[in-house]
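Chain IDs A, B, C and D follow the sequence of writing; residue 1 opens each chain.
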């Protein structure tokens, strides 16, 4: 799913003298701001905002997100309750703010775990090749053909519903995409001459993998991970919409929509605002992902043609 | 000899990040009928941009000023539709890098035939064209027959692809053929073959060529006249013999000295970036005989021998005999 | 080529077997008394009692060891027999035969809608790189792919079914009832395909052979459709293959919301009621569909792109 | 290289239009003129018409009116003859039923004792829960229109049990040679026309040889399986169905002023009830259990949370049930009393962390419920809130069908909220023996046993004297309410959305969950 922005303007940029001593990414990052990578800039600003909201949720919440007061139920959006209140008289805004913690932490956990597992598995498989690789590829095929929802439901029956089990369920499937990327890269690298050279000077397999493969794979994995967060947020939301996520009264966005569905016509704000919250955070991380991809995709950086 | 193509004060700049980057600076060239003009220079000096400007193939962010007269008509003022009548017909081109210039998902034969066929061509025309393609393939030393016609580019070698590209250029019998770096992507051993093909073309088809190359040896072999470009400017232009044997501009001298047969002496430094050009002569910071005048003033182009021009301040105040002395000593 | 296809088909069967086994053990190992689940789903929660549990176990032959159940079941699957659904009291295959076409209709409609929208937008966006229409299409696809589909479904129902009263809320009765679920389902795919096509087109438009085609004096349309689009399509086909997985995943939720009688809804129901033969049947059919689509994609790909043949085709 | 934007958009619009057009030709035709079609939304997915299947039989009997039982029950929970004219208990375990002789099945065959014997015996085999619910062991044919039921236990509840949908009678032709149930051939006013197993859509038309006179102008009933409550409601608002039940509570407010539909709420013979896990030490103390009930404001829950759908219970049973004892303690909301009771029982905050402890250990309650009924999740959340006010930490788990029964069985909970039909068998003993009797699985799970209560319930079940039944049941209810191991927190209510065209629809709480009378007509 690599997008490859090729633009004529870029193709006419002449290579500049190489900066030395600055890490590659910082250098490219600086360049991206010069080139007005507005997606990335906006993505970073919004993501910082959302993460700050999640961190400082207890301070920002105007009311206790789980405190029920039936006398205050179904108050439409107003000055006191900007997003209104729900069927139990809880403040929707406070619940959305509190919910950002659940949604973001779930999404980040999924991405981090599956990226780690996937990268390692793919690297090993690509590096060793042969039978290991064949078995690995079949496992990936099987998992891809296996509806995630079954895993999620099965795991929820084994371990019970809850945010952590949701993470486990999604990770079970998600790691495959990282594994495929890192496997592909590993296979390319395996045949590179400098890896041969590294072997020749007596590096063992483990050293080669961590000293030579990993740094090369990391940028691809970073791109994939940043593109992934947005869709993971959506994925978690749909599973908790089906009742597999965090348990009430924890304010999970997907579950809030599921609850609000019943009151859609009477108190539409109960479902609309959590939906917008999901969309806003998914959009933010999608923009961030897009930006990071534009920034790090080596095909873009290297395709600076001179004539 | 009548002039086929005349380029007068061609300036091309690109808008990059809201800034104008000036690539071609007052380029003026002439190509006569049946004449081969080679344009030589380093990678990135604007040779190909010149070719693209003639073909109207510059990207959208290019700003072109100046005149390009083709048989007396200014083609820079033509709109796309008018120009399309000329492009591919009277003015054709042979692109560089054969490996990427062919559509990988199309039979090579069709790619050649496409140059001739219109959307509404009849079946009869199609058959004729196919026959013609076979013929041209044969004349270029490619295998004749349906098998070759239906090959995909990935099934051919680099040299074969190059010939297919040439076939695309010549099938319409153009009056002007713009050949862009024909030897760039070809094996050293095949280079001679390719150059020979162009020599034959020149002799048989009688079409004029703009032969863009950085390969001086090839240029010497094919061209009637040579133009040397540096940093978007024509710094020297003249008959092939004269330019090769008595180069006037310090840059040309450097280029020729760097040829393997002439000693393989590499010039100092690199071509400056277009965004950061020296104020005076663009070659001043690499030139061995730089003086204050070079750094501060842009030189003018002067005719030094008959038909042999150079753009260098050294020649500003010298007379012709001194000039040749100067040329001989260096 | 034939050898390659045979090899791929063999792999499909191996994958199917692994999926079947994994499913079987996942659903059997999950704690929970199947007999209990059957009673709750078939006779209602008021009917559970130790006697009934015994009766159910006897009736559905649940006392065999899991491994025996597995070998019996696998033997049946090989002969095309998927067992009898506890809840429907009918052969699983019969129910799948009825339900599968509904999902196919829904999936295909969604697929069609997304192609009709994404192809023109992808091309336009690439041709007008960095112009307003490109920004518009880039942003709108980004935006669309950020909204949860179940939320969009709810909004669409409110707008089109309740306020405007032009489309039915749910079910499958006539053409109008497919519009909302198909549109909802197509949104994610439209966004991905548009973006892919755009980048693929941009990639192709920057290639030398496009410039060459223009230098030949071809019309713009010829260049775009004859040369650029053709080369931009192969990567899209791969993406479409992967999208099938998303369509299936999306269908589970969309079918649930719109009460569309397809495989997705059936799967959720079966999981909730622990209708083991039905779960296995659904998973097998989904996995089979996924594998077949990807096989077709790979074969199409190698037909379109002659370069694949030379690289051996196994990527 | 610019391509004309307009042309492209035009192409796209044309493509979309073409697809739409192509599809339109396949749109379904509305039913022919002159037909009066009554469309009803059934609240779960009908997967089979087999009368041994709960959903299928309920739909056929109560919503479609295709099949009937030997005995019927009216909205006051009084039994009436239906396919059986009269019945008599001839011994501790034997009952004789006289059948009507003027009834034919939809396939034209006679309804008689043989048919009853065949059908009940088949259902006893296929429906594994029926033997337990009814107690029937075997059926004997006495003569053409007389059957004898032999029960396995001493039960006075057989006529009540024979109102259960599981005992509805279908003809032998419902089943094919292979023993598969293919069509529902019943005796009801409507006969099956079609059934689509993929969507659960069922259609039926009046049967002209029905044994009773029915005054209705409906020429077709269509039953749609719509398991999602919002979908049912939206379909009703959109005019796609005429009768929808169990729609979201909020519809009561939203739709009350809406043209074209009527919204009504009814109390049903179904309860939301808590069971305390008596395996937990602190819950063994009856005062702690009582305190936990005093802590909850039932009135607020019913009025504000359930939006008035349902009612505050006046005892264990709905007060309209003839055996309901409303003269029991219902522990009205009193937070202070709850606090002092807990303090007295030693459930106090001893370490000053704001939470109550028992024996030096912080109490962390786990309240579980299933997602099946709309009020479940709301009530447990509210109750957890009330407990929090009291300083008791409570976590809530809302589980899906199977996961819920598993969690219940595992015993890993402090309180469980369930919902059950008190009139599943409309007898004074049924509900008490299923949820309070120490032999019931519910009582076993929470380790509750009161021998005195067991004795009363057993006696209530055995007798066939109604007066005696009611008295015994009422006595048992007092004991049960004093023990508060199982406690009814709210009576279930159902919201109906009815199209304005619907006439002569009446509601009966006696069936679970709703019945569409044969007389229901359309304007």
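In this text, a residue touches a chain if its C-beta (ideal position, glycine included) is under 8 Å from a C-beta of that chain, and two chains touch if they have at least 3 such contacts.
Since this is a predicted model, take the numbers as computed values, not measurements.
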Touching both chain C and chain D (chains): A
Chain whose Cα centroid lies nearest the overall Cα centroid: C
Chain whose Cα centroid lies at the greatest distance from that of chain A: B
By number of C-beta contact pairs, the top two chains: C-D
Whole-Å gap separating chain A and chain D, where each centre is the average of the chain's CA atoms: 44
Intercentroid distance (Cα basis), chain D paired with chain B, Å: 88
Between chain A and chain C, centroid-to-centroid distance (C-alpha), Å: 22
Cα-centroid distance, chain B relative to chain C, in whole angstrom: 54
Two or more partner chains touched - positions in chain C: 31-32, 162, 205, 214, 256
Sequence positions of chain B contacting 2 or more other chains: 60
Chain A, residues touching no fewer than two other chains: 8, 157, 261, 264-265
Interfacial residue positions of chain A with respect to chain D in the complex: 66-68, 70-71, 73, 87-88, 156-157, 160-161, 243, 247-249, 259, 261-267
Of all residues in chain A, those that touch chain C in their complex: 1-8, 11, 138-139, 141-142, 144-151, 153-154, 157-158, 230-231, 234, 237-238, 241-242, 254, 257, 261, 264-265, 268, 271, 275, 278-280, 282-283, 286-287, 290
Sites on chain C touched by chain A in the complex: 11, 14-16, 18-19, 22-23, 26-27, 29-32, 129-130, 142-143, 145-151, 154-155, 158, 162, 192, 195-196, 198-200, 202-203, 205-206, 239, 245, 248-249, 252-253, 256, 267-268, 271, 279, 283, 286-287, 290-291
In the complex, chain C residues that touch chain B: 207-209, 211-219, 222, 226-227, 230-231, 234, 304-307, 310
Interfacial residue positions of chain D with respect to chain A in the complex: 229-230, 248-251, 253-255, 300-301, 304-305, 371, 374, 377-378, 380-382, 384-385, 395-400, 402-403, 406-407
